[in-house]
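Right after this note come the structures.
Same chain, two partners: chain A is paired with chain B first, then with chain C.
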Partner chain A sequence: MNHIISVLVENKAGVLAKISGLFSRRGFNIESLAVGPTENKKISRITILVNAEKQGIEQVIKQLYKLINVLKIQELDPSNIVERELVLVKVSTNAKNRAEILEVVNIFRANIVDVAKKSLLIEITGTTSKIKAFTDLLDTYGIIEIIRTGKIACSRGNKKD
Partner chain B sequence: MSKITGAQMIINCLKQEGVEVIFGYPGGKVIPFYDALFDSDIKHVLVRHEQGAAHAADSYARVTGKVGVCVSTSGPGATNLVTGIANAHMDSVPIVAITGQVATEEIGTDAFQEADVTGITAPITKHNYLVKDIKNLPSIIKEAFYIASTGRPGPVVIDVPIDISTGLIDEDEKGIIDLPGYKPTLKGNQKQIKQAVEKIYNSKKPVIFSGGGVISSNASKELTEFAIKARIPVITSLLGMGSFPEDNELALNMAGMHGTRYANMAFTDADLVIGVGVRFDDRVTGKLSEFAPNADIVHIDIDPAEIGKVVKTIIPIVGNAKDVLQDLIERYFKKDNKKSIARKEKWVEHLLDLKKKYPLQYDKESPNLKPAYIVEKIYEVTKGDAIICTEVGQNQMWAAQFYRFTKPRSFISSGGLGTMGYGLPAAIGAKAGRPDKHVIDIAGDGSIQMVSQELATAVSNKLPVKIMLLNNGYLGMVRQWQELFFNRRYSETCIQGCVDFVKLIEAYGGVGIRVKEKEDVEGAIKKALEIDNTVLIDFWIEEEENVYPMVAPGAPISEMLDHK
Partner chain C sequence: MNHIISVLVENKAGVLAKISGLFSRRGFNIESLAVGPTENKKISRITILVNAEKQGIEQVIKQLYKLINVLKIQELDPSNIVERELVLVKVSTNAKNRAEILEVVNIFRANIVDVAKKSLLIEITGTTSKIKAFTDLLDTYGIIEIIRTGKIACSRGNKKD
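Coming up: the complex of A and B.
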């Protein structure tokens, strides 16, 4: 099962290496990983998507807490989050199918960010399932390259107060 | 304000941390450090290989309870420390390793004697630092000692580029500890402790399983008090030996692969296991699904990641063994202790019977030189008051089985990593920490050859350790497995006949004694202890003697092999 773990760390050299090293050392595969500074520049957030059983994930979280530069770890509840990923897709085109592709881009609210004679570069953000649906469709035209940022996620705010 | 070099600042900080002895080996990138050390009153033990420095620092920490310090140069010096650092990490020993590094601007250029030390040591340290700005040096050293010695202890590496140690810093610069992500839990959760008290109180067949954490948190007194007053038998892990006096009737000694039959039977029949400062290692549990099948497990440990890692725990208590045991004792004895004891009486009697019925044994009538006999004699002659270090393998198990450990910090052995070559440098570190004690390395002829250059360290630093070499001409433990599980096909385990250990120790300026006969054992040990020099006794023991009892790999601990 996939778990999204959000880790707040001190923004110091070598921290990312220590965290990714811990995952591989304990036998876990990272599906995706995104890092960036938070509102506090001394603190970074690492969002990790990992596939593991529940017991394994508990052990990994405990082990992560042992890293001195780790401040806080949150396992995000998939039913109560907003998750996004940014993807750049370079797809091959020709005069015939260009209009067709543009239509797909519009339907998915994606953006064309570069146009060349034989290719289009498209930017899309969204959830994993939306991106999969989009890339599956584009696949029929021939995808040249895909670049993904890795998933980021944030828990939803409290709606009751 | 007057300026001093980074190297001088390191020395000042070490002094501030109360460091009296360090173990190390100079090299290009630590010349400034050694230059500053030249004028300092910190004692330096010059080893002959950096691995020896790390093991000696590790053992120094184990016997004194202080942080052990070792120093090496960059590149190969630092990589030679790696085994010692990994050893300290597996056994949760507080050491600080200071390594030289190439100049900041050269890092990443594959400079001469450059190695990525923080990268290499990340998985085997509690934390590590690369000093990039001299301003941070005092804080880093302060934090390193704090991290190494608090919580679950462990090794910390400080990698110091040479331009940092030659750079200048204000003499008065003070270090501060700023670790927002590091807050070890010391006090146990009172609700959990209350539940544990109930559970223990009502149990009929409890055992305490005491580990290295009891020794490192100085909780032996509390553990012993609790066990004796509540009449609960105590099993120890290898590293927990000495946490409970083995001459007490409630001591069931070590459990596991080469543990006592009665300890393993106690685990198998118990209705409650109270683990304190242990991690339920596979060498103890044997086949996990059949480990303590009838028992609920209360697990007290300072490291939350250990709880539930291997065995399912019914009451987890995260905290420092000493603090938790103090609270436990206070709550427990508010209740009517007589009732609790009466409930456990049958069980205790049963275990005392088993202890009589299945003692650790060897053929005492045999005319051959038996290793167990030698270890028993070492115990008799030292009256159990020596510090015993071991190598790894059969020698280690015989030492654990046949010496009676009654005090914490008296049994020093490589547990988790099982590092051959640990014993001799460990003895050197122990002697540096406790010069008032006899320090004995119970060794094997395989292990000691991994570090025999450290004989020079012992002799030249006037740290007179006594090496009791159980010489059987084999890599004995592997040979035993080959005998039992590989049809006696002794592939590459015979190392007979090429080293004269008496000549070897003599070449280094120590004293060698050879013993081939049983009747010479006691006299030789006495003589070795009297001589004020490093002594090696080369005991020619029975070649194919095995360590028994034994649990075959993958078998449950209730099934033990024994002497035929």
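Coming up: the complex of A and C.
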């Protein structure tokens, strides 16, 4: 089962290595991970998507709390979050199929961010399933490169956390 | 100086811990990092934004090549890339200022992804400077939470990499 864990940490060298080490020692493979600064520059947020049993995750969360640079840990409830991912897709094109691809881009409300003779670079945000549908469609034209940010998520409503 | 390093790795437990450990042992603080799957499910891409001297980065890249699960490393040339980041911003609102905030959202081509009584959740993608301008503006209304993916980047044109 997939779990989304959001961890607030002090923005210091080595914190990420400690946290990712904790997962790997238990044999958990991190599906995606995103680290970025928060509203406070001294604090970073790490969003981790990991596939594991509930029990294993609970153990890892307990151990995360023991790390001194970890400030807060939250397992997000999939039924009450907005989840998003950003993906850049470079797809090969020619004069013939460009219009077709542009149509797909419009339907998915994606954006063209770069155009070259034989390729288009497209930006899309959304849930994992939307992005899968989009890349599956583009795959028929030939995907040159996919670059994903990994998932981030935020609880709905006004809970201050 | 900021460097953007794109690393292709085998999608195995422990690879991220090794790589982030390599940076932290040299005292480099990773500003942002994004890990996600690529077009090949066995391979993940890690995009790292790190602030360091050119010499130090060259040393780290050499050491990265020595890790067995690392397949390819690329330092991206800032003058020839498209860089993007996705940010979710939860901002506090009231009946009075909601219209004002919606105006800002439209100007920046951001999207509202959730509405609650006292807050709005906004999704925005763009370069770091665009996102800074946007969050600075929203700060006057009261930002409850910011969640960032970290930067990803793709070279322009049709170079197959």
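The criterion applied here is as follows: the second predicted complex is superposed on the first by the 157 of 161 C-alpha atoms of A that agree within 3 Å, B and C clash if a C-alpha of one lies under 4 Å from a C-alpha of the other, contacts with A are read in each partner's own complex, and residues count from 1 in each chain.
Quick note on the criterion: a residue touches a chain if its C-beta (ideal position, glycine included) is under 8 Å from a C-beta of that chain, and two chains touch if they have at least 3 such contacts.
Owing to the predicted nature of the structure, the values given are computational and were not obtained by experimental measurement.
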Exercise. Based on the superposed arrangement, let me know which partner A:47 touches: chain B (first), chain C (second), both, or neither?
Key: second
Exercise. May I ask you to decide whether A:21 touches chain B, chain C, both, or neither, giving the answer as first, second, both or neither?
Key: both
Exercise. Return first, second, both or neither, reflecting whether A:10 touches chain B, chain C, both chains, or no partner chain.
Key: first
Exercise. Could you say whether A:32 touches chain B, chain C, both of them, or neither, answering first, second, both or neither?
Key: second
Quiz item: Does chain B (first) or chain C (second) touch A:125, or do both, or does neither?
Solution: second
Practice problem: Return first, second, both or neither, reflecting whether A:90 touches chain B, chain C, both chains, or no partner chain. | Solution: second
Practice problem: Count the residues of chain A touched by chain B and by chain C, then name the partner with the higher count. | Solution: C
Quiz prompt | Which of chain B and chain C A:65 touches, first, second, both or neither | solution = first
Quiz item: Of the partners chain B and chain C, which touch A:146 in the superposed model: first, second, both, neither?
Solution: second
Quiz item: Across the two complexes, what residues of chain A are contacted by chain B and by chain C?
Solution: 13-14, 17, 21
Quiz item: Hey, which residues of chain C end up touching chain A in the complex?
Solution: 6, 11-17, 20-21, 23-24, 27-39, 45, 47, 82, 84-88, 90, 92, 113-114, 116-119, 121, 123, 125, 135, 143-150, 152-154, 156-158, 160-161
Practice problem: Within their complex, state which residues of chain A touch chain B. | Solution: 9-10, 13-14, 17-18, 21-22, 25, 58-59, 62-63, 65-71
Exercise. Over in the complex, which chain B residues touch chain A? Could you list them?
Key: 118-119, 122-123, 126-127, 130, 132, 147, 179-182, 303-305, 308-309
